[in-house]
Each structure stands twice: as C-alpha cells, then as structure tokens.
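Residue numbering begins at 1 within each chain, and the chains themselves are lettered A, B, C, D, E, F, G and H in the order written.
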C-alpha cells in the first residue's frame, strides 16, 4: 500500500464509502504483520516508497514461504533475493506465476504494473563472471519499475570495448558498475560520464582478492568523483539505489 | 553442587550424620573429575554459581556422551551448546528426557527446578535470520533459571516495529540484543533503555560483513552507553551474562 | 568551459565571428593544460559536467598555487579540498577573494553564479565531532550550485533529536549522512526516508574504530535499502554525488 | 532532570503551584537543547537514567566549554571524558570547582550528591600501565554514584598477587577488568568470581598488539563465562555499565 | 644418516673396509635424492640433527607414498604430518608396520630405537578440543626420542585443575602449551614455571577467533617471559622445538 | 591476428587482391566479438602482442565452450586457466586436440607454431605442494612460445638443493619463483641471480598463512632487489610476465 | 631472592640463627611489595628463576624510579626495557652506577655476579637497522648471566655473509635471529643449524611491512623446523627465552 | 667491481702484471667489508650485476656516512634511498659532489659513466602526489645507467591525458606505473601496452586507503596481464627491476 492508496482509503472512510469497521480491517496490519519469526513491514511503502524485499539467505524455506504467503494478500510486486531453488519450488505451490532467475537467485512475482520513467539505468560489468551480481541489480531495478540496459564484459583489460558502448552508458540516468578483481572499471566509467555511478564490488578473483576486498577498497578510493559504493556482491542494493535515483 | 549443598554436607560430617568415609566418597570428585580427555569442573558451581556447560564443537560424539554420562551422576541441570543431532541421538540413549533445539543446536537436561526471579530478560533480534543465536541465548537463560521475553525482527530498517515493543524491552532487567549486518539495533536500544544491554553480533550478512566483523565493530563502537559485547554468534555467552545480572 | 560554452565558440568559428586563429588560441588547452607536475583536465566539465577539483593533500604549496593560478584564467568556480592554511595564504596573494573554511579545510573561489535547483540537499551528522567532514560535503555541494540544509548532532544515542528534524530530512532530494563510531545513523535514516542516502563514515572514535573501519563496514552492511557509501572522511565525494543527484 | 523531578514539576503545574507559563519555561529544553554544533540531550536522564556525558575528543575547546556552560544551568553532575588540559583551563573560567584527573583525562563537576548503594564495584588492572584506563572507569562509576575498590597490577605473570586480593574482588557486585597485551586476566577473573565481569582491553603493548587488538580478541574469546567486553581503552563504557549493574 | 654414521662410513673408506665404489654407492644420495616432484633432503640429519619430516598436505597420495618408499631405504624413523587416511592405506601396502593416529593425523614408522633423555616434555592443553594438535606435538616429540607427559583440559576457566597438575608441569625440561580461544593458558603457565614454554595457538573457537588469530596474538603478547610461539595448529613445530631443547 | 597479419590484409585490400567486401568480412570482428555474456577481445594481439586468455573460474561450462568455439575460428593458440574437468570434456566435443593438465587446471589448444627465443625461463618452487601453481606458470610460458626449465622443491629448509641447481637458474633470462609458507626462496634467489625474478606466493601452508598472505607480504618486502610479485597462486600471471621479458 | 637464598634463611630460622621476628622482617615482602600503582613480584625468582623485569613504556618516570628504588633494597640485578633517557636521568639520582644503552633503550644495574655457563647465545641480525632490537636481546641475555656472540648484517640478500659466519652460529646453544622486511633469515638459519632458533620479527621496512607483520607471518610460517617466534621488536623476550635454554 | 673488472685483475695476476700480494690487497674485501654494524656486500656486483644500494631509513647518520666512506674507496656509483637531509649534509663533508633529491629523498654519487642502452624506461604516475615515489624510481634507473621518460598525472579520472601520451609509453622497453588511491592506472596501462609493467602502489589517499593497501590489492588483482607489483611506495624496487629488464 503506497501513500496514494492510503489517502484514498482514508477519504472513503471520511466520506462514509467505507465503514469504520471495514477500514479497521483493511488497515489493521498497516504498521507491520506479526508472524512470530518475522514482522513484515507493511508500512514501508508509505514511508520509503517501495514494499519490503525478502532477503532469503539465513531464513528457512518455511519462513520464506510464510512471508510470501502473507505478502500475496496485498496488491504488491514481490522480490526475494539470494533464494535457493528449493525456496522457489515451495513458493510455486502457493503462487504458480512466481519466476526464478537461477543466475541471480531472485524470486519475482508481478502483481501490478509499475509505469517506468522515460529514462533508463545502465548496468555495466567488467567481466563475464560478474554477470550474476549484475543480473540481481538489473532484475531489482526492473521489478521496481525501471528500464535497464545491460552492457557486459567491458573491463579495462580491453578498454576499447568500453569506448564502443560509452554512448549507451552516458545516456543513462544512473549507472551501476559491477566489477571484481581490481575494480578499476568504476573509476574509468566515473571519469567518463556525468551521471551518478553506483559501484558494486564482486568477490570474483582469487588470492589477494580476499573475497572482494580488493575491488571494494579500490572503489571506495576511486580517484573519479561521483562514485559511491555498496556492499560486495550486493547487486540488489545497487539496483535499488539506481531505481531511487532514476525515479526522482 | 552449590555452596548451600556443600555447607550442608560439611555440617552433617561435623555432626556425625555422615561418616568421614561417606563424606570422602561424596566429595572426592569435588575439584574436578578426570576423564582423560576432559577434567570436569565440579567445583565450578561453588566458585561461580553455575555448573559447567559443555561446548560441544570440536569434541567427538563419544566425548560429549562421556561427559554428560558423568554429569548425570550429579543433581544438576545440564546444557550443551553447538551440539549436532548425532550427539543428541547418542545422549538420548543414556538420558531419554534430553531435549534438543535444532535451531539453537542446544542439548538441555532438567534435573532440578530453579526458582526464577520476578524480573525477566528481553532477547531482541534485528532480523529473522538472527533467531538461532537468539534462541541459544534464551535457552541458556531459561535453563539457568530465568524468565525470558522474545522480541524478534525489530531491526532499524523498520524502526516503528521496535517502538511498538519498546515497553516490553524497557521492562526487562537485562536486555540481549542480537543483530548481524551493521548491528545498529544495539545502539538504538542502548539509547532508549536504562538497563544493561548485552550485544551479540551475528555472522548474518555477506560481503564486507566478514563473518560478523561489521556488527562486532559497530557494537564495540556503540555511541550509546551501557552496551557491552560478547563474541560473534555467542548466544550462550549473552544468555549467561544476562542471567548473572538478572539474579543479582 | 561547459558544453554550452563550447558549442557557442564553435558556432562563432563556423559563422566567422571568431577567426580560426582566435579559436585555436581559445581552445588550445581544452583537453588538458600541461604544468609538468600536473595535467589540468580542462575537458572535464564538457565530459562530466563539473570542472576539476584540487585535492591538495600530498601536493606542495607551490604546486597548489600554480594549479589555481592557471585555473583562474578560466571562468570557473574553484574548489580545493584538504588544504592547509599555508596554502590559503599562498593562494590569497594571487586571488584575494579566495575563502578558507578552517574546519572543513576547503579553499573556494566563486567566479560565476550557478543557479541552484529548487530542491535541496540535507547534510546530517551523528555528532559534533563529525562536523568537519559534514562541512566539506556541504561546501562542496554549495560551490557546485546547490542549496544545503545542515542537521547536526542527531545520532541514535538520543534518537528523538533525529525524529524532531525528520521532516526537514525527508524534504531533501538527496541526503548525506555523516557518522563515525558505529555509523548506525545511516541505517536509521535509510529506513525512514524515500530518497537516496549517501553515507560518509568518519574516523571519529577510538580503539576498535580502527580509523573509521567500524563505521565504514557498518554502512556497507546497512540493513536499510537505498544507502550507498563513500570513503572514510570523504565529505567531498558525498557532496559531489549528492549534487549530481540533486541536479538530475 | 530525572523522572522523579519531572513528575514533581508536572504535579505542581497540575495543582497550580506553577503556572503554565512558568512550566513551559522550565520544560522548554526538555527534549534537547539546540546549540547549532550540538543538540544536548536533556531528556536522556528521563529515558536511560543518567544525564548525557561529554566525549571531548574531536570537539573544539569552545564547543566543550559551550556545552558545559549550558549543562551548568541544570542541577546535574557533569562528566567529560578524553578532555585536554586546555579544556580544563577553559571550563575553570566558568566553573571554578571543576576537577581534572590528568591520568584519566576526565573533567568532573559535582552538583548534587547521589546516594551510593551498599554494594561496590571492583576495578582491577593487569599492570601499572593500564591504570589511566582503569581510572576513567573508576571516576565514571564514582560520579554516577557508586563506591569503587581499586585493585591494580595483579596480572597473570605473577598470579599470586591476584589470589591475594581475590576476596575483595569476589565481594563486588560487578567487576571491571582492565588489561592490555594478551588480556588473559579477564578470563582468569571470570573463572574465579560469580559476578558479571566487564572486560576493557587496553592498547598497552607493542608489536603484534596492534593497538589493543590482541587483548580485544582475547577477551571476546574468553573461555570463562560471564565476561562481556567494551571498546579498547573505553574505561568510561565499563564504568557506566558496571554502575548500571550495581544500581539494579 | 646422522653425523656419527657418516663418520663411520668415511673411516671405513679410509681404512679400506669399504671400497671407494661401495662408498660412492652408499653416499651418492647424501645431499638429496631427486624424485622430480621432490628433492629429499638426506643431508638434513647431518646438518640439523633429525631426518626430514613429510608435510603431507598439498601432496598427492602417490607423492607421499613415493617419498616414503625412498626413505624406507634409509635406516631412519619416519614421520608424516597432516596425513589422510587414504595416504595411510597407500603407505601400508609398502610398509605394513606404519602407524596412523586418526586424531593427530600422523603417520609414523619406527626403524631404529632412539634413546630418550632422562628429562621429559610436558604437553598441556586448555581444553578437550585442543587434543588433536597436542597429540601431533606429543607424537612428534616421541618419534624424535623423548618422553612426554600429557596434561589435558586444564584451561583457566577452572584454574584449580591447572594447579592440581602444576608439579608435573614444573618437572618438565620444556613445556608445550596448546590453547585456542583466548590462549590465556600460555601466559598463566609461563608465569608459574622456570622452563621454556612453547605456545601453540589452535583454531578452536568461533566468531572473533578468526581461525586462531585471537590465541596467536594473545600468545605473542604474553605478559609472562619465557614464552615463544609457533604457527596456529602447528603441533609438529612445537614438538620438534621441545625435542631440540630437551636434548641439549 | 597480430600486427603483421593485419598489415598484410590491409596491403592486399590496398592492392586489390582482396575486395573491400571480403576485407570487411575478415575484419568485422577485429575490435571484439559480441557474445552477449562476453566480448572477446580480438584486437588484443595487435595491442599487447598475445591473444586473449580465458580465465574459466566463475564462468559456466557453456560460456567457456562458446568462447572457445568462437576463438577456434581464428588461427590462434588458446589457453584456458582454472578450468574444470567438466569444461575440458565439453571443449573436447568441439576440438578433440585440446589438452588438459589436471594439476595446473589448464586447457591448451595449439593452432600455430610460435618460434621460441634461444633464451629460457626458469620456474622454481620451494616445495612439492607448490607444483600446481608452477605448472600453470610453465604451461603459460610454453603456449606463449618459450622454453622452460623446471627446478622443483629447492626451498630454504635445505638450501644446498638450491645451490646444486643455481647455475641452471642463473642461466635463465627470467626466473619465476613459486613459494608458499614464508616465501623466503624469492629473496634468496633474488640475492643470487642478476635476472628479473617474478615471485608467486602460493596459498600452501596453514594457520597464520592466511591463504597465502604470509608469502605475499614476505615477497613484497623482499630485501633483495629485482624481485616483483604477482597475485597469490597466480601462476598464469608470472608465466605471462616472464614470457614478455624473455621475448624483449 | 632465589630458591637457594630462601632455603638458607628458613634453615637459619629453624636453627635459631635468625629469630622469628628477624625472619618475618626479611620475608615480609616475599610474595609481592605493594606500591599502590604496582605490586612488585618478589616471589618471581623463587618461582621462575629470574627477578621481575621492568617494562618501562606506559609508566611515568616517577613510577619507574619508585619501582627501582624498592628493588634496590634487594640484592638483585635490575633490568628496565623501553626506558627513556629521562627515566635514566631520574634513576641515576638514586643509583649512580645504572647504565643506559641508548640504542636498545635498556637500563641495567648489576648488583651480583651471575656465573655464565660455558655455552653461548648467538644473536644474529639481517640488517643494520635491526641492531637496536638485537641489542635489547643481547643485553637481556647478558644481565641474566650469559655469554653472547653478536653477528650483525648477514641477511639473505648477500647470503655469503651468513655462510662466512655460520660456524660461529652453529656453535651456539641457542640462536636469536632478528630480522625485519620479509624475515627470511630465520628460515635460512633454521635450515642450517641444529639448535633452537628464537626468531624476532622487527618493524623495520615500509609499505606492506605493516609494522612488522610481514616478518612476523613469515617467521610463524617458517618451512624450517626448530624455529619459534616472539612478538614484533621483542628483543627482551628472545633474550630471556635464549637465556632459559642456555641455562638448562 | 663487476665481473669484467674481476676477470681483468685475475688475468693480470695470472700474467704476472699484478703480484700476488697486490692482488690480495685488491681482492681482500671482495666478499664483504666488515664494519661491525654492517657488512658491505662488495661481491654483489659480480653476483647480481649492480653494487649494493644503501637503504638509509633506520640507520644512524654516522652509519650511513661510514658505509659511504668505505664505498667511495671503490670505483662505483653510489645510491642511498630514504635519506634525510641531515645524512646528506654529513656525506657532503666527505664527498662534496654528492647530490640530494629532496622529493625522492635520494643520495647519488656518480663515479663512473655507465653507457645507457638505446631503449628507455617510462615512469608514469596517476597524480601529482605520486611524484616523489616516481622520482625515486626514475633516479634509481638513471644511476643504474638507463634513459628515463617521465609521464606524470595521467590518472584514469581524465583518461584522455593518458591516451595523449600513450605512444611515448608504448615506445618504452619497460613501464613503471606509480599510483595511489585505487591504483586503476596499472590495469589500464597493462591493457594498452605490450611491454612489462612494474606497478608501484603508493600510500597516497586517505580513509580506506589504509596506507596504500587499496592500491596494492588492486594492482595484485589486475585484470590485465603483464603487470607485476613491488612494495608500497617502493620506487627504488621498481626502478631497479625496470633497469634489469631494460638491460637484458
């Protein structure tokens, strides 16, 4: 339930179109729904503009299913990240139209159409191995109602591939750059575009990569301005941030 | 054997109700029981108020069973933490009433009733994924003879859920806050209550979470006063500390 | 020189209003100006929308003065960060209207008026000690042509101070949150507003703060969505990013 | 202003002993006092039981003086930690009775007598070099209204010194253990007493001490139960926590 | 081949008891035996007093078997550390008397009796979970020809268990202390005995133990003198060092 | 396609031996080939002298096969590193002459003979366990057209083994030193030869080895001059660098 | 007072040569002397064989002077480490024969002659910059009654310098190896001698030396057996350990 | 003394042009010169091609002067790195022609002309602040007899500056890339040239730069091939390595 919808219900109560009892029923779970193991934040869309997203890792299959079961009673799109195939199978039994992206490990259920703005988000990767994280970003942005352009495998080892696509990247309203290893792509893109760059370090690499630390530190220390950083492998966070910017 | 019980035996020896030989038999293992691979600290309850707890990780199934076998000869409640299901099965063969909490991975055997104080301990989590650690804390506090209130999934991303339960938290004599990721909940709770807060960082999260380091550092650096910290995922330690405080 | 100005010169050359020789003279330094120890990136404004900013740390007083001396020949606003008072004194000899903010350690020279958008940027700090970094962010945003609202000392240890100002923060188009210690403020604000949050960890704190690492990790692991992070103490980076977003 | 005092004022307003105008004047700053660079949390005592403490590091002398100047208008004891001698000199000009402990770097102003409980807090150090941190803990506990016993230089290299004082330590209601280097004292004390132990790692040591990291990790990994930890060198935090426990 | 044996062969060559051709055959591999994937250091015993030990981890089963096959042609005791059961099975096919300690993961083959000195080595552990590392140390010392006393599970959480065995520890010529978690036992023992203490940190523990880092740092920072440290879980290294000292 | 081949094609177009249409067809993919999930850098050989190498880790079997399928249409030698056996099986279906080195985990396809220079590269390891990384270096150098001498297991614990082979090492034009644990071999070799040494730290070791960090730091801090370092376990990088130097 | 001296006094009391009152006076401070800020461990020599050593860092000049003033009342040699020149000046006023080594920063007072064993300790450094730490080790060993041979600047960058002195090193009963940077010397020496090697990493070096971490990790991971390690720059600890071994 | 010079002397001895006594005098110090605090490695040039270089940090002024005093007796060029101005003043008293580069902190004395090869070394920096390290590299390469091209301030934030100079870089035989912050320049250059790249991370930057760690990790993880890395701020090491390669 977003702010518009909330206002409409309150107007109807005010005008008597909805009785106080009916209104109470509708709004009872507004602040949050208590499930015991979880308190689903129904108020979230009113407060920050989007419904709650389910971070599935560390939850049991039953918990994920239970949370989605409740969320289905609301008229919202649903996004689950870091979901296992087993979770997908469980959710499918209560919602056959759920989609699962194996690479990005996302569950998506589309209940209402969100009109996308004219502008788009560019999701760029340094290598092929960075694609799963990039897909998480892209799918997040899409379910939140954005158009996304994917530009994959344009890392600085062959920088002409980047220049070949630079106009598409420059045309975006927000740019997500996904890179592992030394993460240099974020700085190079940051030096070439005049739009906010959201950098996502990935854990791709080995040895002194230390699980993505090398790319993380590189991106935080970017010599280019206009680059901010999210957590290692956090495609969701980058897609969400880019969506926020794209919809301003 | 606690200090009361020890005094009683010594009085009986003094009065002749128990012969010296009988007394020797009873007290022989008092300092510790030598099992070869372990020296069970029977003196512990006299010294610090609670019997020894078995940290099962790194021990073989046979060792855990052997230690419990000996402890059963004493009239104490028994707690095993980080126990596997295999250990549970082995212990059940010698003690059918043993209970196993799969989530918290605890073994519990109740041999005597401990009168709980009037006051209670609040165990609070930021998210659903923090529940296993929280349960370890809660079960520890309960077996040590405390009443526990569980308040789960009230993390700062939807802070109104916390405010909704704040009176229950404020009513406790000691508060255990369990949180992963950025661990902000400990500071927020610490700023809202006037009771000692025991913060437990969890390894929930990914990327620059570094196995719980992010929450650990955050909690150690809490801007709120009255917050102290135990090891990452150490629900037992927090439950024990809270019990100590609750029973002062 | 921005894209508009460049187009105008080229049009004048095309129409003969400016001779090819005059045009060459004007545009000669366009890609960059070679100073030996530095190559000033004059092309930057065309490419990313803002002129180059001088990061003064690690440069000699003479180098900073030399770079500004050249930049003064262009009609641009000038920003120097991490500047010492000695640098300020040196620059004043060639540009008396230079301003120095002692707390933020910024040099600013205003050569042209930039029309600020209607919307504003909120710069929020957890404590008083975070103000120098926050001022660097605010001054950066202002020299780049934005209106800034400062909300200082609203950290989570006394969270009612934050709620008292929450409407002013929610009204911004982009929010910069500056916090040291455990950096929890970024997550709390991120959970309360529907605008992009740029989090700046500061090195304020001691012990296991490790020079800002605690706040950095906390912010990267924020459980709230819509939070991205810049380098420790990097007020400039946050102000720049916020300006980019505010001007979209 | 604590809860008792607040109730009294409200009763007087209710009974007409204080006019609404007078009441407004008295209570106007209740939530916090806005100083621009700081928002003093006057509501804190109502909420968590103690007035706000000033962490002086990172603040200018003027800011510290300004904050204390305002706090002096309330009838509270005042504690400033990590204060420089220069700050002390500045505060003395507006409050001659301020006291400064050079070792602990604390500013203290006693405005009202707080009745200490019967029980006391033990502050224990491993070595002589740990005394400054221990003094910060002890002074904090004392200004908050507690009796403190100091037991210094009883580290495990000469463990008989500890056993010599063990009864004094066991008699306390809460024990603060301050140790650098390998921090082993916390575990040894934790294994000997049945009271909550607050461990404070110090940065005393060199080489692989890494600024207190060795003691911090050791204390977090204590094999003894009933030990929780505060930040490196955070004597204040330990003293505050111990006070909370002692006053339960 | 040790120095004594080498001298004897050379004497026999000198006296003609062994022909030059025979001597060449015997001594050909003295510096090292080339196996392609390994160069077995036959000269080692002459140089440092003990034959080479096989560190099995990272080697294939075939490589371990091949190395032992060659070493069996010499009249030496053989020790393989970090050996898998599969390696044991492979070696058994060429040397049925090989022994395998499952806990310590050692392979041992006794080919000649080494007369042990009168003095003994004490191997002490903090907990039951440290026993595998302690066994690696003990077995190493034994195969090198030393008498070993094992004192297990005397960690500082129940320090009276240590005092109960302190005379046995004090009687040793060298003491190996094996401890995980906070590793405090090394400092406590170091403060109680007047013999060299070799401390072995173990990776036992969890959370901020960071794979043994907490115990390692604690032991390196021991406040007790006469404590030196080997690598985490390096029972072999400690047993070897203790043997060297015991045989001086 | 290298620079020579490119010039030849352009000459033929210029002379009319190849029509413009034919030339377009040949050169169409020159900058890179778009595969969607990858952009194969065909221009690489022109730019840096060698064709692109496939880093297989993090790619799916299908992606690796698809990339090689395209590369086979060019007349180049192909190298895949960090390849699984499953990848090898998949590639064999489209290219039966592909070779797989199980130890080094490399895929190699030889399509054209590269004339090796007279000089050779020495690949040296400290131990047997370092051989897989050394083989990756050696195979890389060989497929790039170099002669390689392998000198394995000459670590400093038995330094006479190194001196025995020192002339072979000194005779090389570039030396690759592969070592785990403390990585001392790089410094010792660096102090003995007058040729560039490329040091490769390996993750061989345990405990405070921290996945190769000990050897990495040691090599970076080498007291010998003429030593530079590549990433942990990066045999490919060392072989490539050595090849570059050998071919100058 | 050592064990011999203690026995003698007790014998005299037993035989009446010393009255009980006199004996009480003599033995009153035996366990420790309470100075308030310090508890001097007089019992130490009885327990571990040497009197207490003063670690001066972190103590005030007055405290160091006070501790030495008391210790002078006993007939012991005195060693202060990490002492400043100011401390030396203060001690000289109460004990003119105190000696100060500026490089090693040691205070030494010789009150009784200790007969050194026949055997000696070798103190070896990799470079000139490691000498201060080596001198701390050598002076410690000397004051404890050992003969020391110094072999400086024989690092592996010019390994022939080491071989030139190897016989002197091999002749020692214990070897202290002091090295910074990559610390390779410890492994090389460990592979060449059959005596215990105490390795001391120093903080000499820069960049990725990280204050001695590189040498520390290298030494802990030494591929040579018979090497144990003390803290970074801990010359005292190494000298003490070597003395213990030399006197067995 | 290099190999050529050594051969010549030996020939003259052989032919009787130099008497054995004269020869002994000349060659006496060949292996090394013992100065007590240092053993100067005269043999080094014979062994690795260049005379020893003096790393001045951690040495006293007197030691540096003494070492140079001896080296002046040989006919070699002398290089001292990390030298203070005070050292320069001291050396000038014994060698007036010594030169000091304040930025690079190098001492240089040219005693003989070394013929530089035709080819040159490119020394490239990302920013102005990296120049001191770059100058150390350039001066090292020059004193060792190489021609150097300096290309400064071409970092990726304005990548067109790099492309403007790319031909000069491509023309070099070896390329030194000096960069702090995120160190991305090394990867970008590595992807554009076909010559060995020696990457030097600098400690330029702040916050999560962690003293150069960000650039170091980035360079070790470079996605471009043909990049190897030296220690943070180690301009000398890079210049030396590049010289080795340039002279092959």
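Keep in mind that, in the parts below, a contact is a pair of C-beta atoms (placed from the backbone, for glycine too) under 8 Å apart; a residue touches a chain by one contact, two chains touch by 3 or more.
Not measured: the values here are computed from a predicted model.
K.L.:
Which chains are in contact with both chain B and chain F?
P.N.:
A, E
K.L.:
Would you kindly say which chain has the C-alpha centre located farthest from the C-alpha centre of chain A?
P.N.:
Following the centroid criterion, the farthest chain would be G.
K.L.:
If I superpose the C-alpha trace of chain A onto chain H, what rotation angle comes out, expressed in steps of 5 degrees from 0 to 180?
P.N.:
With C-alpha atoms aligned, the rotation comes to 180 degrees.
K.L.:
Which chain maximises the distance between its CA centroid and that of chain E?
P.N.:
Result for max centroid distance from chain E is chain C.
K.L.:
Which listed pair, A-F, G-H or A-H, reproduces D-E with over half its contact pairs identical?
P.N.:
Of the listed pairs A-F, G-H or A-H, the one copying the D-E interface is A-H.
K.L.:
Mind checking the centre-to-centre distance between chain E and chain H? Centres are C-alpha means, answer in whole Å.
P.N.:
44
K.L.:
How far is the middle of chain D from the middle of chain G, if each middle is the mean of its Cα atoms, in Å?
P.N.:
Whole-Å distance between the two chain centres: 38.
K.L.:
Using the average of all C-alpha atoms in each chain as its centre, how far is it in Å between chain F and chain H?
P.N.:
Roughly 27 Å, centre to centre.
K.L.:
Any chance you could list the residues of chain G touching two or more other chains?
P.N.:
As it turns out, chain G has residues touching two or more other chains at 47, 127, 157-158, 191-192, 207-210, 213, 216, 220-221, 225, 231-232.
K.L.:
Going by the touch rule stated at the top, which chains touch which?
P.N.:
A-B, A-C, A-F, A-H, B-C, B-D, B-E, C-D, C-H, D-E, D-G, E-F, E-G, F-G, F-H, G-H
K.L.:
Where on chain H is chain C touching in the complex?
P.N.:
127-129, 131, 152-154, 157-158, 160-161, 164, 204, 206-210
K.L.:
Can you list the chain F residues touching chain H in their complex?
P.N.:
Touching chain H from chain F are residues 47-50, 53, 173, 191-196, 198, 216, 220-221, 225-232, 236-238, 240-241, 244-245, 248.
K.L.:
Which positions of chain D touch chain E when the two form their complex?
P.N.:
Chain D residues touching chain E: 126-127, 155-159, 180-184, 186-188, 190-192, 205, 207-210, 213-215, 217-225.
K.L.:
If you look only at chain G, which of its residues touch chain D in the complex?
P.N.:
So the residues of chain G in touch with chain D come to 31-32, 36-39, 41, 43-44, 47, 52, 55, 57-59, 63, 82, 201, 203, 211-213, 216, 231-234.
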